[in-house]
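Consider the two complexes below, in which chain A is the common component and chain B and chain C are the respective partners.
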Partner chain A sequence: MRFQLALAACLLTGAAHAATDIDLFFPVSVQGKLANEMARLVEVFNKDHPDIHVTPVYSGSYDDTNLKTHAAIQAGKPPAVVIMSANFVREYVISDEIVQLDPLIEKDGMTEAAFMDQFWPALRLNATEDGHAYGVPFHNSTPLLYYSVDAFKDAGLDPDHAPVTWQEWIDAATKLTKHEGSTTTRWGLMMPGTYDYCGWITSGLAMSNGGEFYNTGYGGEVYYTQPSTIGAVRFLDNMVHKAKAMPEGVTDTNAVTTAFFQGRAGMMILSTGSLSFVRDNMKTPYRTAFLPRSLVNAAPIGGASLILPKGNSPERQAAAWVLIKWLTSPEIAGGWSRFTGYFAPRIAAYDLPEMKTFITAHPDAKVALDQLVYARGWFSTYNVVGVRKALEDGVQAVLSGRATPEAAMAKAQQEADALMRPYVEQTALKVPE
Partner chain B sequence: MVALTGTTERPVIRTRVRGRVRPWLTAYALLLPSALFLFGFTYWPVVQVIRCSLTVRGFRGAAHWGLQNYARLFNDRHFATAVVNNLIYAAGTIIPSLVLALLFAVALKETTRLTSVLRTLVALPMLIPLVAAASLFAFIFLPNAGLLDHYLAKIGIAETNWLGDPSLALGSIIAITVWKNCGYYMLFFLAGLAGIPQDLLDAAKIDGAGPVQRFFRITLPLLGPTLAFVLVIATLNALTQVDHIIVLTQGGPSDATAMILFYIYQQAHQNFDVGMASAATVVSVGFLFALSIVSLRSLERGIHYET
Partner chain C sequence: MKREIPLFALLLTCAAALLWFIPFAWMAVASFRHNGAGATDLASLMPSGPFSLANFSDAWSSGHFPLWYLNTVLVCGGILIVQCITVSLAGYAFARMRFAGQNTLFALFLLQLMLVPPILIVPNLATLVALHLYDTLPGIMAPYFASAFGVFLMRQTFRTLPREYEEAALVDGASRLQIIIRVLLPLSLPGLTAFAIVSVTTHWNEFLWPLMATSSPSNQVLTVGLATFTAGAEAGSEWGVIAAGTFFVAAPLLIAFVVFQRRFVSSFTFSGIK
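Then we have the complex of A and B:
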């Protein structure tokens, strides 16, 4: 009897296997219970699409996901869909390992431009290359200023007026800093200075300081020694060593959030992707504000896009495209945004009634959305992790009081140039003789 | 088997020839499975790594043979930093953990109820995977809020950024490693101590040798083989343990905790520079190989092996 049941089960699943099997690599980089929610979403998709069967594969951090995707492509077994850190997309285009989406979009009766118009303008830069679509924005973020209402009141600051300019910012941070003997009981400002975060925040400050930071159209140039970047790093240096309002050395994300939750940091810079995490863990009132500006309001985007690696069969590719369209539909994108704190890349998501209710109920999420108007691209180059690390090593040395901004950035530029050299030699420097 | 039974009536000479051939074949047949795995999973990758280290590949350029990967490696400031850090790390972990392990082993040599409990406590960190230990220490080292700063504050030592200060980060990593490995090495020393004949120590005692003299004249020389073994293990650990660096610092801040193995990982997986990663692997493994041989040889010369 049991055997017969098992046999029947086998036959049934056998029949179900006529569906196209595809796998989705997804990273979880910010704090939260995202993995379970992703599994739930995929289950809903599989139920709604009997002819497709998606297996979600949790693939670690953004960097791990990149590594695993590269390894899988090289082994000849590329995943069908990957949620890839938006600034890695350019490298896949350079190495020709990614499917151009224009033909798929055109098959649906749309133009590339009309398709991309459905997403916030700031996100298009990292999803397209030379006018062609390569990624579909899935969840995105910008750096945001979080501040504690109690700390502001305690320091005699008005919590209704967050610092807007760098001058106001450093003044507020100085006032918020509290000492007790030789120990600092409350820091004015804290920010993660570890790899990845450090480069992201620094690029935001440089952009706010009027800079471009990297060449948005070409993956072989970064502008670390430009005045806009030097000024941004000098500002961080002043925050630590002149105002003494930020701890010296490198602080990791855990230490930053712990300090903020315990009232030992008046302000912090963190991703909008951490909104839900902060909302769940902060016991006293807090608010969010734009990243303060030097010359212009600016913030780089972060987050991830959905991509199709090359080397899959047409059936798998078609099924993957269905999944991508489903995941970025206004309803799903809106739900994922409310769950995680990332903003939804799809503009139409915010027209849904449940999204409108959510935004009214959570003014902190509205700030993140409003800042999008000023958002810029996320710096992406050939060898981007190494190029980013070169900058971060420099900034970390400045934060630790071991180098001047000028010297640190000169070294960072030199290292970044060396890392991009092989690409530059084959592209910009390869000219007809 | 059928063929074998059929040969019993044949002349003696032929049996002898077959007798010489058969054990030879059987031996190799028995070794074959292991040999396949050894070649497939040990020697073949070694050959591959050496081949990759000699293959120079530019962006979109054709690959060719050469020593450029090695030249780039020796000119790379990050590699030099990683080597220096690794040497400091090796000295900073091997010497204290060996000395501590030996002290613990001698102190807890006698088996009583108390010493068994203490031995377990000292050996306990060995049971925790390095990744888990590193995650625990992330909280212990948390500036101000962490366990360490909490108690240091009581004796008036201000907030310290243990992992985020380039001048302290390597020391913090070393401290974790000593805590983690010391108990493991102690077990080897305990086993070594158990092998030292009690009558030697008793004889020395009767002759009027004090505890210090007995330790340096009898215990330590007789522990020679154990010491040599533990030293090699500790040296290998210093080069091959990287988990806590990945969890805690990612080699930072500013390369302060970058080690050779982590450097290889970065070259291979962050910069996708397989040539450099392979060259660094060849250099470091070659160095380790040479070091092991030299240290084992020179130590063995001074070791009293019991016969």
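Then we have the complex of A and C:
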């Protein structure tokens, strides 16, 4: 009996000291390197916080992570924290599956506005909804123009002057394109045309072409048939079929980087999140520049925010909030940024001495930072993956020469409208009679 | 007497075989070539030096392959064992027994083949959570314990067997279960083998469902594990390491196919799956 009591006491105290177990869903970004760094970070966190135990859970691509998180929430097993593609946050707000962060922020003695002021202004749009915080920016990116110095010299272009306007861009791309017989040995420009990337880049071009692309304040409208979007798609079409400076069809991200590293592409559009990967693998000199502009400078935000799904116990939620604050602290955010190439969302990260040294040593990282002034929100709607794919199917058809920009965008708009219809019916079209 | 194969058919088969072979050839070539992602002959099919095993050791050390192999074998093996029992019993029922609503029930079974698996993710996950199987290996297996395709295949296989065997066994006093185990199953082994191949390759290669049903790194299977170090969201990937990792994933099936080739081919010819 005494033994049993002792055992019970042991168990009880054991329980009192047991760490709160939480899981962190994370989409991996590049090879094992990032996944390993994430595992290392979590290890450091666990050591510093003996009362919390975090398990990093690899959850596939951004789209897979979204699917897995929705499914886990609906099945009653919500993860404690998710690194979620920043533009998916709105959908979680609409479906009421995500914790509003304002109470947690206020508990720390801060206001929502003061909390968000710690992050670059362009990031706030995707992290907040209707004046309330729902996501904390973790790593972010914008599309960037990468170009090869050798290719520029070879084509008689000045590597110190990257194309600034679309006119200069298409001219440079034409000059950079090299043929040998009927085969093209060097393309002027390459960009990933696969899902996710394709929509992101197209939205950036449409925004640069004067457009809004989507309704930033309401998740039921996209502007695929507006002149700004049509013009952007027509520009891509011209790049492929008139200037013949970009390969026809859909090119995958790996093919783009591989071609760029081998000198088979003079320029490429890629995320700032790829900076470290390019820096490690590009053997000849390269530079980065802003996404060239049509009417205005613009670039959409990309990357991911940390979110708290609903349905967790208060203990798990509290532990998750500690993890989020730790991951987005200037030191950790800055270190992650230097490791990956994503820029650090926390403004204070750039005041740290190690960050200042890094920026001086790597001017390519500074371009990404400078472009932030022109950054816009990342398009987010109800049913965002489907709505994005509708556009991407259209753009891919144009890139492959199967449709005109006008026809492709009309079809994309129609599909997107149908996908958003249930939400629109319940919101904008639900008016008093 | 040897039958003449028409030249056109021969060419077509060769072309298909070549098309099938290229990715494997590229995988082999790329995995032995030791270069970073920036090499000029990166995408080339031609083997070129320097050759090294560095990609294999990189890939091996990037993940927990022994654990992933074990989990994958357990999942595929577990599914197969249960499936063999369920599909042969159900196949027998549809082939030999007479009961009300038989055809309707069979049609419903076949209808299941038309469902796109992703739409069942959420309901299946909810069931797993209710059964306390979420994030376990049995949880990955559970939705596949019954197979509409397998039931169909075994029904067809049983129907090709002459009833006389069963009647003879019946006269000798065998029970229904004994007839299935002692008489029908040995005779339909080629059909069962064909089904086993389809089942194992399907589940060996499956990605989405294991990703959804498990969270703990200790429950990862090969495909999910491979993706942890090869899937690039915004940047590119190192081809050599990917190729080597893919090689690790595909190797067991490739070796099994080469070893049992003759057996497999005869099974497929027998069962009419081609």
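Definition applied: the second predicted complex is superposed on the first by the 412 of 433 C-alpha atoms of A that agree within 3 Å, B and C clash if a C-alpha of one lies under 4 Å from a C-alpha of the other, contacts with A are read in each partner's own complex, and residues count from 1 in each chain.
Note that contacts are C-beta pairs under 8 Å (C-beta built on N, C-alpha and C of every residue); 3 or more make two chains touch, one makes a residue touch a chain.
Computed from a predicted structure; not experimentally measured.
Partners chain B and chain C, once the complexes are superposed on chain A, run into each other and clash. Chain A has more of its residues touched by C than by the other of chain B and chain C. In the superposition on chain A, A:P27 makes contact with chain C only, not with chain B. In the superposed model, A:T288 lies in contact with neither chain B nor chain C. In the superposition on chain A, contact is made by A:A75 with chain C only, not with chain B. Of the two partner chains placed by superposition, only chain B is touched by A:T194; chain C is not. In the overlay built on the shared chain, the residue A:N254 is in contact with chain B and with chain C. Within the superposed three-chain model, A:S400 lies in touch with chain B and out of touch with chain C [touch as defined at top]. After overlaying the two complexes on the shared chain, residue contacts for A:Q426 are found with chain B alone; chain C is out of touch. Within the superposed three-chain model, A:Q262 lies in touch with chain B and with chain C [touch as defined at top]. By the touch criterion defined above, A:K389 lies against chain B but remains apart from chain C after alignment on the C-alpha atoms of chain A. Overlaying the two complexes on chain A leaves one chain B stretch of 7-15, 187-195, 241-249 or 295-303 clashing with chain C, which is 187-195. Comparing the two interfaces of chain A, the one with chain B and the one with chain C have residues 67, 70, 254, 258, 262 in common. Residues 23, 25, 27-32, 35-36, 55-62, 64, 67-68, 70-72, 74-77, 79, 141, 196-197, 253-254, 256-258, 261-263, 270-271, 273-274, 276-278, 280-283, 302, 341 of chain A are the ones that touch chain C when the two sit in their complex. Of all residues in chain A, only 63, 67, 70, 181-184, 193-195, 247-252, 254-255, 258-259, 262, 264, 382-383, 385-386, 389, 392-394, 396-397, 399-400, 402, 419, 422-423, 425-426 touch chain B in the complex they form. Those residues of chain B whose C-beta lies close enough to touch chain A in the complex are 58-61, 138-139, 142-145, 153, 156, 158-159, 161, 163-167, 250, 252-255, 266, 269-272. Only residues 36-40, 42-43, 62-63, 118, 121-122, 125-126, 128-129, 134-135, 208, 211-212, 215-217, 220, 224, 227-239, 241 of chain C touch chain A when the two sit together in their complex.
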